[in-house]
Amino acid sequence: MSQYQENATVTRIEQLSEKNYRLTFESPMIAAATKPGQFVMIRTSIGKDPLLRRPFSVHQVLNNGLIQIYFKEVGRGTGILGHAKVGEKFSLFGPLGRGFRLSKDKPAIIVGGGLGIAPLLLLLKENCRLKKNCDQDLVILGGRNREEVEPLLTDFKKYGVTVRTSTDDGSLGHHGYVTEILKSIPLVDGCTVYACGPEAMMSRVAGICAEAQIACQVSVESVMACGMGACLGCSRPDNTGSYTHVCLNGPVFDAEKLQWNM
Amino acid sequence: MSQYQENATVTRIEQLSEKNYRLTFESPMIAAATKPGQFVMIRTSIGKDPLLRRPFSVHQVLNNGLIQIYFKEVGRGTGILGHAKVGEKFSLFGPLGRGFRLSKDKPAIIVGGGLGIAPLLLLLKENCRLKKNCDQDLVILGGRNREEVEPLLTDFKKYGVTVRTSTDDGSLGHHGYVTEILKSIPLVDGCTVYACGPEAMMSRVAGICAEAQIACQVSVESVMACGMGACLGCSRPDNTGSYTHVCLNGPVFDAEKLQWNM
Amino acid sequence: MEYVKTADNGRPDMRVNIGSLQLENPVMTASGTFGYAREFENLMNLHRLGAVIVKGISLHPRQGNPPPRIVETACGMLNAIGLQNVGVDRFIAEKMNYLAGLNVPVIVNILGDSIAEYEEITVRLQGVPGVAGIEVNISCPNVKKGGVAFGTDPKMAASVTAAVKARSKVPVMVKLSPNVSDIGAVALAVQDGGADSVSLINTLIGMAIDLKTRKPALANVIGGLSGPAIKPVALRMVYEVAKKVSIPIIGIGGIETAEDALEFMLAGATAVQVGTANFINPRASEDVVDGITAYLMKEKLPSIRSIIGQLELS
Amino acid sequence: MEYVKTADNGRPDMRVNIGSLQLENPVMTASGTFGYAREFENLMNLHRLGAVIVKGISLHPRQGNPPPRIVETACGMLNAIGLQNVGVDRFIAEKMNYLAGLNVPVIVNILGDSIAEYEEITVRLQGVPGVAGIEVNISCPNVKKGGVAFGTDPKMAASVTAAVKARSKVPVMVKLSPNVSDIGAVALAVQDGGADSVSLINTLIGMAIDLKTRKPALANVIGGLSGPAIKPVALRMVYEVAKKVSIPIIGIGGIETAEDALEFMLAGATAVQVGTANFINPRASEDVVDGITAYLMKEKLPSIRSIIGQLELS
């Protein structure tokens, strides 16, 4: 469980859609230590404002000590990252949190909505590496429109997995939600659903899996100050009526361990 | 007395020595309105930190609505400006303050030390334009070493004026202070000394001029919040035992109107 | 409160009432951060302000503190201007003429070393054309005598309020200090003293040190902290005071944008003052007016008054 | 105070005494910002700290507040953790073993809803190996009962102090709230109550609002403001308290760098605590130790103690 603070250089910037970016950092120590579902905390400013680091799932680990994040510009921190230049340096801290628990022989159904797709590429990669062959597995990716989903498809498809898509406006794949696709497919016994996306989507996925009595791992969000268990800021109600902490016990949880507003 | 807030684009960056930079901005309204000795307030951050604008003398007004500042990297605001990229935009506010009072027929002796050289190039330009011929005038520029002074010499010399130099380490011109050069030359009756530089230097210049009974205008500094008379933060003791405000009544003052610690 | 809808031009109604003072919109400029307004005449449209509050005025002229008077801090600044001003008589003679010509209510911020001084300034301001209200500064931290005590002790605060109120025909706004254990108690006392409204917060007392010289960064050693850094404290205090008093509240502290202003109004402020932001963006106060209008239109709200105190607690 | 010079290795002497507590250097970690230290073991060298102060401990376990518990503000953050902790017994059983193994004094931050609770926690901590001191939190703004009152009223503050002191064999540090009219008075009262030292400041009470939802940004509505934004207030209070008390002062509030720490020491602090900065740079406290050492060497000062209270007033 080693974590590092690295001054990472931006090596590549991809604007995948209007507000969605993919940034590649040279961050060899973090790259070597990251497992699927873990995240990094990035300091976006050189001054004291914005003050806190921002959490981002690790999207991909590439060769040569490169890691990627995939994010949407929603505020000041992501705004700064969206305007980063190749060669700029940012302080990365990670890898943090508990990632996905993979299984060698169980079929995987990977469900991502919007920016929740971010951690799933690394998950898929590890899943397929572990299994050698992942043609039993399924990936379901959804978003608001074609622009949001399409740019990522090749990266997922290269692992030989079946990829189904949905969009809110019907511009790509199923017209509707990823959960409708999930609902429509036979959920084989012993398979695991891995999900990341908006709260409402994950809540729905958790419900579907509970009903079908299959395992479900979700990657959830929370505001965070430290990302490593020091501040107790990232509390989230668990199924015992108490709180769990997203940065330490998550961000990936067994869905049944959390409280859901369904 | 019109002042403007302009979102000015950086069009050129010159690093003249280790910490000294010259930045050119496209700022047509401010450029058209600026008189020698006036200054601009620049917002250096996009966030809330550093919060306040930073004051800089206008170093040159060029054709096509361009203005220049010449500055040293001493802290966070100047650090950000020193790392600016061509094409970046900064909010400029100006022109502000009262500049130098020029005279068509009186010989001018222009004395600059260190970064105090900044406003003197525009002063010289206007002075020579007004007089048509400024071969009676003298410029004395000093700094810590050759690196600090030399890069600016061509710009001053192109007006056909005599330029003398001094450096603290003797690496260029007189080995010592600009005030020693000033002291050593005959100060003709009716001439005006224009000075900008470190406080100690200006104090000394003011003393020399008072003794020789010749006019002396100095451009002084002060911490500033607003730069335009609203905060009353930029107070400086004047010769009446009261305070004057650098941003409104200065930055250029008749030396005799100020209180000097000599 | 009664508002006559003057024109149905599809634009939201921005008017608010501070007691008997009717404002075209809820955006004022904070004392000491807007000079005497004239400084800004070429930089913005002064007529679009809800009200102008001018630099604090004392009975006699004050020279203010020696420099340095200001220093920047993280997302804020400290000032120790020392209440430099020309005194009430010269203020009336030299500044009020211009101010009276503005199309907006002018509120005069006053301060004294004793109750008698507050009374005397109030008396002199009565009947001066253009003076629409008085803001009583009982909170300035920069002057050794008076200032601090008046704002800290509820009884003293009530006394000053009552004294000014007794001598004023124009509405009296009392400006509260945040440097107290219980601002709600001071606000209540001031309301009992007869204040028509309370404005808050004034600056937090702070200090900065220059490690290089090992000296305080301000000649006055301590100064008043303002700017975005203090906004959370200001919002909390407005919220706290709103639960206590029934008179209108004017929110102040780190307001830079319409969003900031609207947050204060949700917390219970009827109007706001823009302070330090004027230094960074001389158009800040007008931008806040524009931004609030745009927000109301976007949210399809006919009137700004439907925002006041509408914070939703779950 | 007596310092034996242990080794003449040319490095400056960083030791300071907080009453009978001898620290290798003046840099501690602030309660609630450093977990139980173990979280940081892979990120820095814990043994290099002057002292570790752990998250506030109550008599019974506390679940803390619902989320959101934190929100960023300009150059600062608000927290309303609600003092989540495992309670003193589980703390001793589960956390102290590791902490006792560290080569640095461990100071336990405690809080109670009543004097009896403070006493009981103190009693349970006596004789626990590794507990080098107690920091009494009389200032936490997050819990409705107790917290606020103890820190605001000098008499109450003195009573808690005396009660804890009477039951403690280890030195007692009392942590002061900044949300008061006169922190000097509280500090004096606490000194009279027998405190071995005072630490300040705890967080300023603040609030943030989410305009989109029109709700408070924190589920608890109000929270504690920390970070660089509050540093000017903290410095001023340390300076003020230093003029009043003779016991050592520990400075807290927005300290990120050695420069910040040295400013607090110039103002009169014998030691400092690094808080929010730990979240941004997990190595912050160690960096402060390094930075102070470097400063002393650069300035050719043989001992850190020659800095304390050496602010130059002109």
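Each chain carries a letter (A, B, C and D) given by its place in the written order, and its residues are counted from 1.
Everything below uses one rule, namely that a residue touches a chain if its C-beta (ideal position, glycine included) is under 8 Å from a C-beta of that chain, and two chains touch if they have at least 3 such contacts.
Predicted model only: the values in this text are computed from it and were never measured.
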Fewest touching-chain hops separating chain A from chain D: 1
Far-end chain from chain A, centres as C-alpha averages: B
Chain centre separation (chain B, chain D; CA means) in Å: 47
Euclidean distance of C-alpha centroids - chain A vs chain B, Å: 54
Centroid distance [mean C-alpha coordinates] between chain C and chain B, Å: 37
Sequence positions of chain D contacting 2 or more other chains: 74-76, 227-228
Shared interface positions of chain A, touching two or more other chains: 48-50
Graph class of chain-chain contacts, one of line, ring, star, complete, other: complete
Complex contacts: residues of chain D adjacent to chain B: 74-75
Of chain D, residues touching chain C in the complex: 73-76, 78, 152, 179-182, 204-209, 211, 213-216, 219, 221-222, 225, 227-233, 235-236, 239, 254, 259, 262-263, 266-267, 310-314
Chain B to chain C touching residues, read off their complex: 1-3, 5, 43, 48-53, 91, 93, 222-237, 242-243
Residue numbers on chain B that touch chain A, as the complex places them: 45-50, 76, 80, 85
List of chain D residues in touch with chain A within their complex: 32-35, 39-40, 42-43, 55, 63-72, 74-77, 79, 81, 84, 227-228, 256, 276, 278-283
